[in-house]
Amino acid sequence: MTAHHRHESIIWLGAAVAAAVVLFAFGPGIALLGTEIMIMALFACSLNLIMSYGGMVSFGHAAYFGLGAYGFALAIVRFDVPPALALACGPILALLAALLFGSLCVRLSHIYFAMLTLACAEITYAILFQAYDFTGGDTGLTRFVAPRFGLTPQLYGLVVLVVLLLSLLILRRLVASPLGLAIRSVGEDPYRTAALGYNPRRVQLAAFVVAGGFAGLAGMLFSVFHGNAFPDYAGLAFTLDALVMVVIGGLHSFVGPIYGAIIYLLMKTFISRYVGEWELVVGIVLMAVVLGAPRGLAGLAARLGIPSGGRKS
Amino acid sequence: MLAVQVVNGLMEGMMLFLIASGLTLIFGVSRIINFAHGSLYMIGAFLTYQLVPMLSDGTLVGFIGAVLLSAIAVAALGGIFEILVLRRIYGSEELMQLIITVALVLIIRDIVKLIWGRNDVLVSMPAELSGALKVADAYFPIFQLAIFGAGLMVIAVMILVIKFTRAGILLRAATDDRGMVALLGINQQTIFTSVFVAGSFLAGLAGGLAAPFGNINYMLDTTIIVGAFIVVVIGGLGNLYGALAGALAVGVLKSMGVLYYPRLSMVLIFLIMAAVLVARSLGRAGVTR
Amino acid sequence: MDRFAKRGVSAFALLAATVIGLAGPASAQEPIRIGYAADMSGACGPLVDGATKAFRLGVEELNKAGGLLGRKIEVIERDTKTRPDEGAKEARDLIVNHKIDLLTGVCSSAVMLAETAVSAELKVPFYSAIGNTQAVNVDKFQPYFWQTQANVLMEASGAAEYVAQNKAWKKIVPLAFDYEFGHTSVKTFSEHLKKIRPDIEIAAPIYVKLGESNMTSYITAVLAQKPDAVYGPLFGSGLVNFVKQGRSFGFFDQTNLITLTTVDFLQSMGKEMPPKGVVGFARAPFTALLNNPKAKTFVDAYKTKYNIEPSDWAVLTYDGLMFYAEAVKKAGSVKADDVIKAVTSIKYSGLRGSDMSVRAFDGQMNAPIWVGAVAPDPAYPYSILKDVTRIEASKTMPSEEQVKALRAAAK
Amino acid sequence: MPPLLEARNISKAFGRFVAVAGVDLVIRKGERRALIGPNGAGKSTLLSILGGQQAGGAGGQVRFDGDDVSGLQPEDLARRGVGRTFQISRTFRKMTVAENMLASLLPRAGLIYSLSTQRLNILREQADAILTEVGLARRSGTIVDEISHGDRKRLEFGMVLATRPRLLLLDEPAAGMGLQERQELMAMMLDQVTRNGITLIFVEHDIDIVFRIADVITVMARGRVFAEGNPQEIASNKDVQDIYLGSGH
């Protein structure tokens, strides 16, 4: 373990402890908000894997978030799966869907890729929205399980924190692994990788499926958090949320999406309480970030000397 | 019955094309994916709403005047945005350009909300264009026919400009190869600005023209942008004729779908796009970059 | 910034309370806190606009009159953005962080279901005054919930009652937005109508994509069937588009449209409304209520304050709030169980008439609906409902047995 | 001994523009073949067809080492031992030089889908060795974006070497460099090609380099083979002198 690694581990540990303290020190309201931020951060991190590393901009990432929620909810509501087992159904369903849709999408690139991911997500959304007898339609599924399985907000927050940390650990290792290197290479220049003997599509698919799985995990956590599932969770609004988080936090940074989730959700939550025109504020901030700090908050932080887990490994 | 639906689909397709034309034009030249196109369309509609009563409510002249003024105003807005903001990010990543137009969507939506409120507003149908042609049992609304005509006119003007003017030649050069324009010694920046202004003009024009046909509110942007994008993608980004074909095809398929399986309409347009994209990807070997 | 500081302080106070384990009863000086989590932005934004105005007016009036039980009413407004997750989140935050005594404001069915689940979980009273899915009464019913307007089942049955009286109509085509509200409305309407008029032909329904702005292909498809009337429970922007585009197809010369015509819609349409061919049903059209002095007072006050007549959503919201106030007075407390007991036992006279009450087993108020022909009126710059029939809840409300059957079916 | 590469009647059109029109190309094992010709002659397109990048829609047949490889994807050809560099060098510009090398080593090591960081570390030695060979050892930690044009050419060459090619397609390996740098680079490349027994096809405009290195020169014009022969033959070919050597330089 190098000094750099040790340094980084200490920061991670510190951040984790700080998060736990915040969860427990400021009452259930803050714990709830913190939990939401952590779940959305996980979702944004999963998108970041394909965006910042895999070079793929998805307009349909929420499909896997939504399916993560529905995989969990439907397992309980329609198939009487014990809740503990149902937890696994969410991410698995998302993973399978990512495999199916991903194998179509990775055949395309750039905006065409993005638009096909959008089509896949909208088809998913429509199925969730229209299949009343099975999915509950637009009115969703509610009251099939106690929100947070009845855990206190603080305790559930702690659970989410642990899941988030484990997920980040796995993603961090993935990025540093040969597959991670392959994903980054294909993300930069699929042409070059093909000439080197890679099958770039298959590498992209691998990244897409992993990202889908983690999005599904986030969706499942979200479903448990609220004790419900709605088609909106697979909708464009959630995808846009995640895209904005990644950009605000900083593209091409491992931890950027976490900063992004914190800032974006705090903005969305608090500004909308005092200003009806909260979108206006978000729009201005977004524009300022793109024009003034295109590497996002992580980029700013790096300039100030705070390690952001950038792409050097 | 079938014939009525087909005609109807073509009419709807032309409306889609009017929206999509500016979008595909801008992409073709500047490679900007302009999410705010729907917002510019919306501003065109609201301005028309504002101007029609000032000019001459309910008359064709008042309506056309209002639409043109609105389109010019929207074009000016587009120009300002291009010069102040977009110009700074042409070199950066695709995603950043996209996000900045998303930011513009958010900003415009709330400003519109502040100016015109949350409720639907309406533009009255010009007297000359209300009513319908009756053929046997079927009604063909004059307004829709007029829009179709306007669409044809826009196409004609665009073809003329592209084929026969210096601007058109530059445009074609810029669409085919950005480097070429530089070789021709033309300031690329000027071309980008002009194209964005022209695209914004088309957005404002489409918004104004369609204004009497339905409701206008602050959610109009998202209502139309996704459909417009899909049409552009189906036609091939930057391909004007493709966008026209795509728009008409989507219009007709949708009105057919209503006849046979209306519940499909929620996903129909996405299914068409997915089918086109997948077919395109299967028809092409190798890495697609 | 002051409010942030307050938040911090209250968070600490809350923590202390949790640690000690006794969140004692609020003192007499404590205000009554109402959480108003409404769909202010997003798809429901336009409808909620008038509702929010009326709610603010109502609270202002109550406070001017000394509040409730001698306590001031404090409203905390939140924007759910018409997103169920935001609804659940804001509801939970209002309850946990702000200790609200009552939750209300919602419009969208999905957001309502998300919020009612939170109300059930945390046992805080929750009512709906404008959103009207029946699911909250039937399979998703929970004892801390009530709704004060006709739910979709009642509304559709009421429309059917009215349609049944028109002996000239032989064929109806239903057309609705493709989501739960649309489907339930069409199904209920069709079933109710068949029961009272077996001779009427009801064609296969046509479902319209939610949010569709170009209705032309639907209009031509409907007209091709040559119906005597179209049952189209549309509202808001979708209805505006349908009527405007329908006019250019001569829709209203060829057939009739039976639809939800709220005042805000009629105001938007203005002179663009076809002079005939629209039968409107409505949940609380102020024009039909002006004989009631309470309603008259409200309409005048609203108009003075906001310079426009109140929409149905505004009337319903105000009436819902006053019903709650009445219940609190009866209960002498704002504690959940006391309020619920009062809600289900009082007879209320409000803007929409007297003898209004809420049933305990499904939380539904016996709210009427109004049906009439839409036509211009010299007194207003827009068309209104004319020859209005008030259809009483007794004719439209499902019985306890029916509700039980629906609940069993939903399992 | 059968030829290593045998391409027959290769053609390719972009819309109405015919880039390559019925080219035959037979390359012996160990041969160093130069493709020359004016701009737009179809040299790069031909390389791209042989490398698989433009194989879609191309006519004709390509046999590599006795197998029909017509229409195969670039990755399949790369795995069979066809490596190539590009006119504008393609490297992973946001990654370090060492990472570029590691990424190039993954396919041969069969580690593309591996999650083992340890096995990646084992590859580092190989990466360093190749970097030393191509003269980039001291650059190993630098982001590619920050190294010079010539170093990027070296890197790209090293990356292709890492795939252990049997046939190397180099598209203008020495373009855009000063004389001395060009000579050093070519010497290094030639040395590697010789030592590793690699067959070479290269496109180059620098006639000195072409005549110094090539065993056989193929002159292309307007998508066709205009002349073919050893350097002396080409040098003495009057038509070539007129059409290409005269006007091109």
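Observations on the structure shown:
Should a chain be cited, it is by its letter among A, B, C and D, assigned in written order, with residues numbered from 1 in that chain.
The working rule: a contact is a pair of C-beta atoms (placed from the backbone, for glycine too) under 8 Å apart; a residue touches a chain by one contact, two chains touch by 3 or more.
Worth saying up front: this structure is predicted, and the values here are computed from it rather than measured.
Among the remaining chains, those touching chain A and also chain C are B. Compared with chain A, the chain whose C-alpha mean position is the greatest distance off is D. A straight line joining the Cα centres of chain A and chain B is 33 Å long. Rounded to whole angstrom units, the spacing between the C-alpha centres of chain C and chain D is 72. Note: centroid distance chain B to chain D, computed from Cα atoms, is 46 Å. If each chain is reduced to the centroid of its CA atoms, chain B and chain C end up 36 Å from each other. With touch defined as above, residues shared between interfaces to two or more other chains in chain C number as follows: 178, 210.
Multi-chain contact residues of chain D, defined as those touching 2 or more other chains: 52-53, 73-74.
Among all residues of chain A, those that touch two or more other chains are 129-130, 189, 191, 194, 200, 276, 279.
Interface of chain D with chain A (complex): residues 51-53, 73-75, 78-79, 83-84, 86, 90-96, 99, 102-104, 106-108, 111-117, 119-120, 159-160, 162-163. If you check the complex, the residues on chain C that touch chain A are 3, 8, 11-12, 14-15, 18, 40-41, 77-79, 81, 83-85, 88-89, 92-93, 96-97, 109-110, 113-114, 116-118, 120-121, 133, 135, 140, 142, 178-180, 183, 210.
Residue ranges of chain B in contact with chain C, taken from their complex: 1, 4-5, 8-9, 11-12, 15, 117-122, 124-125, 130-132, 134, 138-139, 141-144, 212-215, 217-220, 223-224, 254-255, 258-259, 262-263, 265-266.
On the chain C side of its complex with chain B, the touching residues are 43, 45-46, 49, 178, 206-218, 220-221, 223-224, 236-237, 240-241, 244-245, 247-250, 264-265, 267-272.
Those residues of chain A that touch chain C in the complex are listed here as 25-30, 32-33, 36, 129-130, 132, 137-140, 142-143, 146-147, 153, 222, 226-228, 230, 232-233, 237, 272-274, 276, 278-279.
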